[in-house]
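Every chain is named by a letter (A, B, C and D) in the order it is written, and numbering of its residues begins at 1.
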Amino acid sequence: MSSSKSMRWLITVLVLMLALVISACGAPAAQETVGDAPAAEEAPADAAASSDAAAEEAPAEATEAPAEEASGDAAAAEGDVIKIGALAPLSAPGTVVGGEAMVDAMRIAADEINANGGLLGRPVELVIEDSEGLPERGTAAMEKLINQDQVVAVGGGYHSSVGVAAKEVAHDNGIPVVFAETWNDTITSAMYPEIFRIAPLNSEVTAVDLNWLTSLPYEIGNVVILTENTDYGIPAAQETAAGLEAAGIASETFQTDIGTQDFSAIIDRIRAQNPDFILVLNTGEAGFNFQQQAAEQGIGPQDVPMLCNQDGLESNAYWTNVPDGNLCFLRRVGLPVELYNDVAKSFVERYVELTGKTTAESYALEAYDSIMIIAQAIEEAGSTDPAAIIDALENISYEGALGTITFPVNSKNTPEQAGMDPKWWHQFPDPAITIVQYQEEGQDSLDAPVVFPEIYQTGDLVWVTAE
Amino acid sequence: MMKRSTLLRIGLPAALAFLLLIAPLWIGGSPYIMHLAITAFYYAILAASWSLLAGYAGQFSFAHMSFMAIGAYAAALYGTYIRITTVATETCREIPFFGRWLVILDPIGISQSSQTNCLDLARQTMPAGSMIIQPSIWWGLLFGVVAGGLFGLLIGALVLRLRSTYLALFTIGFSEILRAVISAEIDITQGQSGLEMAPLFPNGITLFGHSYSASDKIPPYYVMLALFLVIMLILSWVVSSRIGLFIRAIREDQEASAALGVHVVRYKVLVFTITAMMAAAAGVIQGHYIGIITPNILIILQMSLVIAMAVIGGLENIYAAAIGAVILLFGLELLRNSFTIGPVTIDMTTWRLVAFGLVLMITLRFFRNGLISPLIDRVMRRNVARETVALRNAATAAATPTATTAGEGGSDE
Amino acid sequence: MANQQIFLLALLWVVFWGAIGSLFTPRIYSRKDLDISRATLGGALVGAALGPIGLIPLWIYTPRFTNRIYAAASIIVLGILILAFARAYPDNLCVSDGGFVASQVTNGIVIGLIYSLMALGLTLIYSILGIVSFAHGEFYMVGGMVVYFMSASTLFGRAGAWVWLLGAAVVTFVIGAIFEILFLRPMGEGKIERPKEYAILVTFGLSFFLQYLVQGLAGANPVKAPRFFDFPVIELPNAEDPYLIKTTAGNLRLFDAVSIPNTRFVSAMISVLLLFALLFFLYRTWTGRGLRAVSEDRQAASVAGINPYRMNTLAFALGGMLAGLSGATLVQVFTWLPQVGIPAAARSFVIIVLGGMGSLPGAFVGGIIVGLVEALGAGCVPDPARAAAYIPAYGMIILTLTLLLKPTGLFGREL
Amino acid sequence: MSKQGDMQQELALDVNHLFKNFGGLQVLSDVNFKIRGPELIGLIGPNGAGKTTLTNILDGALKPSGGTVYLNGKRIDTLPPYLVARAGLGRTFQVTRAFRRMTVMENLLVPAMALHATASRREFEEKAREVLDFLTMSHLTNEYGRALSGGQQKLLELGRLLMLDPRIVILDEPFAGVHPRLMEIIYEWIYRVNDEGKAIILISHDMETIFTLSKRLLVLNYGDLIADGDPDVVKDDPLVKAAYLGEDEPAPASPAGPESAKFALPTRQPGQDDSADDEEGRVNA
């Protein structure tokens, strides 16, 4: 008797929820007619396509609405601080080593600006947000930076997945972002007017890896790629594998969860592959864990040539976590120490002083530059209006720690006009990428000799071969 | 007296709801506060529905976020892989669908090299004027809610025999397995990089003559608020109905309830299903609002946030749990600042969570009904207490001495 | 490849008949009025092993499920799966390379021993207090952190591993004792409604608190302690012959196939030592006997003059200390972070559920089984893209299956 | 509450050849008895005699190994407890099982609403108030179950049975740990329910009450129903004497109180042992 009653109940609840849904069931989310226009991108990008369509009229709005806000802001606090956002991973699962280094670097940049009298006669305040390495946290952090803290631009950024997600918020709000260390190609290939990048492109990094591997005078027949299952690791692994295959080198990819701690079984499997080279695309502590455990199980960097994760550039953390990691190869972005310009030298000096480290990592340099380039853009724009800053960034020529940064592919020289892939949009075209190798235990990463490319080379590589 | 209680029971929530409805008049100018409000409603839905499950029915499930994720992922997969075309594509997997074609796209995984999709191929051969439609996200909401409900039903049925600790462990296990599957099956779910979800109103929306863009916060605010209010209505209906009575009886004593005629199995499964559907609905809306969903929403920290919100608010009161969630969410987010005392800079991003853990423990230890619930009880039970006093006085007057004194009326202990 | 479908089919077959067996056997047994407490698992195993050929006679004759039937059926199931796997993936390392399998098994056992120690702490707490501590992973984390900071400090840096371990033990013991006295004691005094749920939540709060407290104090940088001890470098029988044992400072290789890293070996040995110490404590000291008495019969023990509250405190602190010690030994194996306790705690839950809540031998055997399953899972799953990605799930599948089929675990008391 | 006179003819409980074994242990063997009309029956037996098992089988919580139970022609031994309850068999538990964190009113509403799928809460609140008046507990209407004393919780359980309105009631140790004054109310309850045409099976260690109240006595001894008849006759039955009443060693202490008080009214203070009982009764999983 009561059974039918509560079944009715369940159905009622269902119907209620249905009603809620159906009442809102209106037009389809997106609709596209074939044949009329040059077919826009489809599939998951549907939403993006439609928002792109919206964006066509949006620029007008985008330049207006935030301008209002900004001017209102300025009216409210004439001579008040200019806030610049800083996005970095400061807690796990993010890569904290990288994040903290970047925050230190960005603080130095802000202090330097203020020591030189600030921007437009106003002091600068750096607002730091923790992205935790999570896309959804990244969007929330970006949201807070823009809407709560009212920053005029954002620098930093470490994890690709965060960058991919956070760029949407910045785009929606028309606030410029200069990404310092997010490599995923799609960040720029979306061609958002607000998004700039001084980090290398994933595909370019992969190309460097491939160039290096194929140019080596050693017999490399079999490569193992260890990657994390993120949108930094997987595309990089796929492209590298494809490139290796084209060069006639066999490869096997092992995917791991970002939180993986115990690699012993994977290491045994890798050993069984008998690789001539191991490429590690895991970031943070997972990379450290792998390298040290591999060393302990006899296929470490001293047994098999290994390109280690770039967090290894943070020498203190590297040698604490990978004591047996000598002879690791590392990829470094930025010019080698010998070619440092004055900006880089003075930055490194301050950075060493602040952090007690022996030198600055490449992402610290990038983070520093990401803030400084924003500062220069604000000076050149003569206002904190985001649209003006974006305009200034497009035309900028900034002498920074990484060299002279420009964004040659921009709204005046679109990828189409330049005949280039959209990934070059607002992209610093030639961040130097070098391969260095630790050749002494406890060595500082800046003392480690550069072994590739030839023009930067400062030392010969040590190539270990099995047996 | 009855009038006063009715007034409180209906008037107070109605007033609150009205306040929330007109709140954008004040906070609408600050998208960040609006963002927090939307997120707060989302957590309030989760905390309130979890309090029905854990507080009323006594089922300490750690799988609540899993149901949320199931809902969100179901909607996201639907949005990513389902299209409707007017002409058969011939290149994709497709099913005839009311004179059109329901096309299921191929999983592509994460790749930077733009693979050609079967739909792209088809587009070149399709006659001009034929349409490719991405179906409405609101059907995705339905899909997500149904998926969440089905899993709720399944888990509810599986855990019937498991109590307290065992139930907690089982649901943690389920949640972890789900997380591993989502992060590992990259071809379909895109793993850690997450599935993108369309905004709630991709083309913007015009409300009362004012048009809002897709990224505007006002429309999602009202969508989430509506969901929140509807779910609170359903929840209050559930707790005041026989279901609420029975699940509390089951929580207290399963055998005794059965011996009094309560169909234990049905109500246990029912409450699992209902709460799972609510969590799923919240997940779908939040996913569309945030625009991306990743397996990290399943990490234990997320579940612990919901649990802590419900506990600190008051586990055995859906309203207290919801209010607790809202207050805590705002508290936690607004505390995300670092401040400096003298030479020491305290980074609140971490320390606020330390404080949070401490508050959780202290609440449990010393305020077992939470911090909000006693306040609500005090207001709501005032006339109950009066009635009790009256009854007791009458009893004393009638010289029927009570043998043993009972606790005070409306006591929290 | 069609070959690979063999394994899938075998798996499907086993799962299907296992499900049928586990669903219907209890009903048939209860209809015949036999003990059904073992029928779910028994039916599942017999169904999985023999399919309808086994289930029909089982349902007709309904024998008692002895351990022998369990064992035989489990062996058959394993056999079927292994054979099918070997047929389907003849090139898989787990099929073609004996040395690889030996290495995986060794590694599984070694790491399993360390897991056992941690799970022992949890099961000890459960057997005395009747609760599962959700903060167990944080004790593990704190233990490791203490060792790292002592090893990195100038004061204790040269004191050596034993001192560091002692430090970790003391710190985790004290945290456990304080927490028990402040937050769990009222539960034992009957002041708390629904004590089990309270315990879940309050230990959960502790876990939250400790995790972020450590992060706040120590930052979230990955750290790691140095190797405790180096191996002496030896090669047996001698350098010319194919060796039986060969060591470097950081590695031990047996028969040129099995390689055990020094850090893991040392951790496992310390765990075994601690295990014996624990057994000695529980069986040979007055306090230990008191603990066991309380776990057997609380009231009788308190009549016999044992203060059960003090035993509660001791058990919780001791349990936390065991977790702390297991973290203290593992901090030389893994890179350490404030979040490192979460997967470790989850693994301990798996182990105690599998072994049987509150059972000491169960925790030990369960630890080794979980170690083996994780090692073989990551080592044998054919698709390298999935093998490692599913590591967190292997244990959880054991957990859920155990809870569904035999909630009392391997060594739990039958209800 | 109306007198349900017509039920008197209808009421019938047939217990036929009931067997129960747990594994190898025979707990009940061939138990047979019938109840016709509103009888007041005592069920006694030493600890471990199978009283609780019998109750659990009648209630549906356990399935018998053999035999059948019919209530008014409806077979109930195959039904789950909640359907047995709805079929008209109510019971109390040896350890009180009031819903501790629900108010007294809510406690009473549970059975009423479970029984009637459609009726509204308000209807039953009236009835519940009547019941509370009868139990002299109306001043406790809004108290939580946990705030009641042990004896009051027993009364509450009896109140719930009134709301369930079963045709046959099994009372498991209703007097254990109850203050003498409250015992009077229980007596009154038993007479009233009996007058309403319901059968009552009373399980108690307290011989005095059993002999005072019951008109018929069932004696269980290690699974065998060794006697069934008039209490005075049964008392002198040599089998019973040997098995139970004449037993030398006292039965182990139970909530019913020490064996020495076997033939006296219990003198224990109410609620003395409740917390300990509770703990036992609430062991999880």
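Just a few scattered comments:
The rule is simple: contacts are C-beta pairs under 8 Å (C-beta built on N, C-alpha and C of every residue); 3 or more make two chains touch, one makes a residue touch a chain.
These figures come from a predicted structure and were not determined experimentally.
Of all chains displayed, B has the C-alpha centre closest to the centre of the whole protein C-alpha set.
More C-beta pairs touch across one of C-D and B-D than the other; that pair is B-D. Our note on geometry: subunit C versus subunit D, Cα centroid distance of 46 Å, whole angstroms.
Work out the mean CA point of subunit B and of subunit D, and you get 43 Å between them. Subunit A and subunit B have Cα centroids separated by 32 Å.
Averaged C-alpha coordinates put the centre of subunit A at 38 Å from the centre of subunit C. For subunit B, residues that reach two or more other chains under the stated contact definition are 161-162, 164-166, 180, 183-184, 186, 191, 242, 263, 347, 350. Residue positions of subunit A touching 2 or more other chains, listed in rising order: 2, 90-91, 93, 229, 255, 257.
Residue numbers of subunit C whose C-beta contacts span two or more other chains: 193, 196, 215, 385-386, 389, 391-392, 407. Listing the residues of subunit A that touch subunit B in their complex gives 2-3, 6, 9-10, 13-14, 16-18, 20-22, 24-36, 39, 42-44, 46-48, 50-51, 54, 58, 61, 90-91, 93, 128-130, 134-136, 139-140, 143-144, 146-148, 160-161, 164-165, 168, 172-173, 184-186, 202-203, 228-231, 234-235, 238-239, 242, 255, 257-258. In the complex of the two chains, the subunit B residues touching subunit D come out as 161-166, 242, 245-246, 248-249, 251-253, 255-264, 316, 381, 384-385, 387-388, 391-392, 394-395, 400, 402-404, 406-411.
The touching residues of subunit B, when paired with subunit A in their complex, are 30-33, 35, 39, 79-80, 84, 105, 108-113, 117, 119-120, 123, 126-139, 141-142, 145, 149, 180, 183-184, 186, 190-199, 202-204, 213-215, 223, 226-227, 230, 234, 241-243, 263, 266-267, 270, 273-274, 277, 281, 290-294, 296-297, 299, 333, 336, 338, 347, 349-350. Per the touch definition, subunit D reaches subunit B in the complex via residues 59-61, 80-82, 85-86, 90-91, 93, 97, 99-102, 106, 109-111, 113-115, 121, 136, 138-149, 151-152, 160, 164, 179, 181-182, 270-271, 284-285.
By the touch rule above, subunit C contacts subunit A in their complex via residues 93, 97, 100, 103-104, 107, 111, 215, 219-224, 226-227, 250-251, 253, 259, 261-264, 333-335, 337-340, 343, 374-379, 384-389, 391-392.
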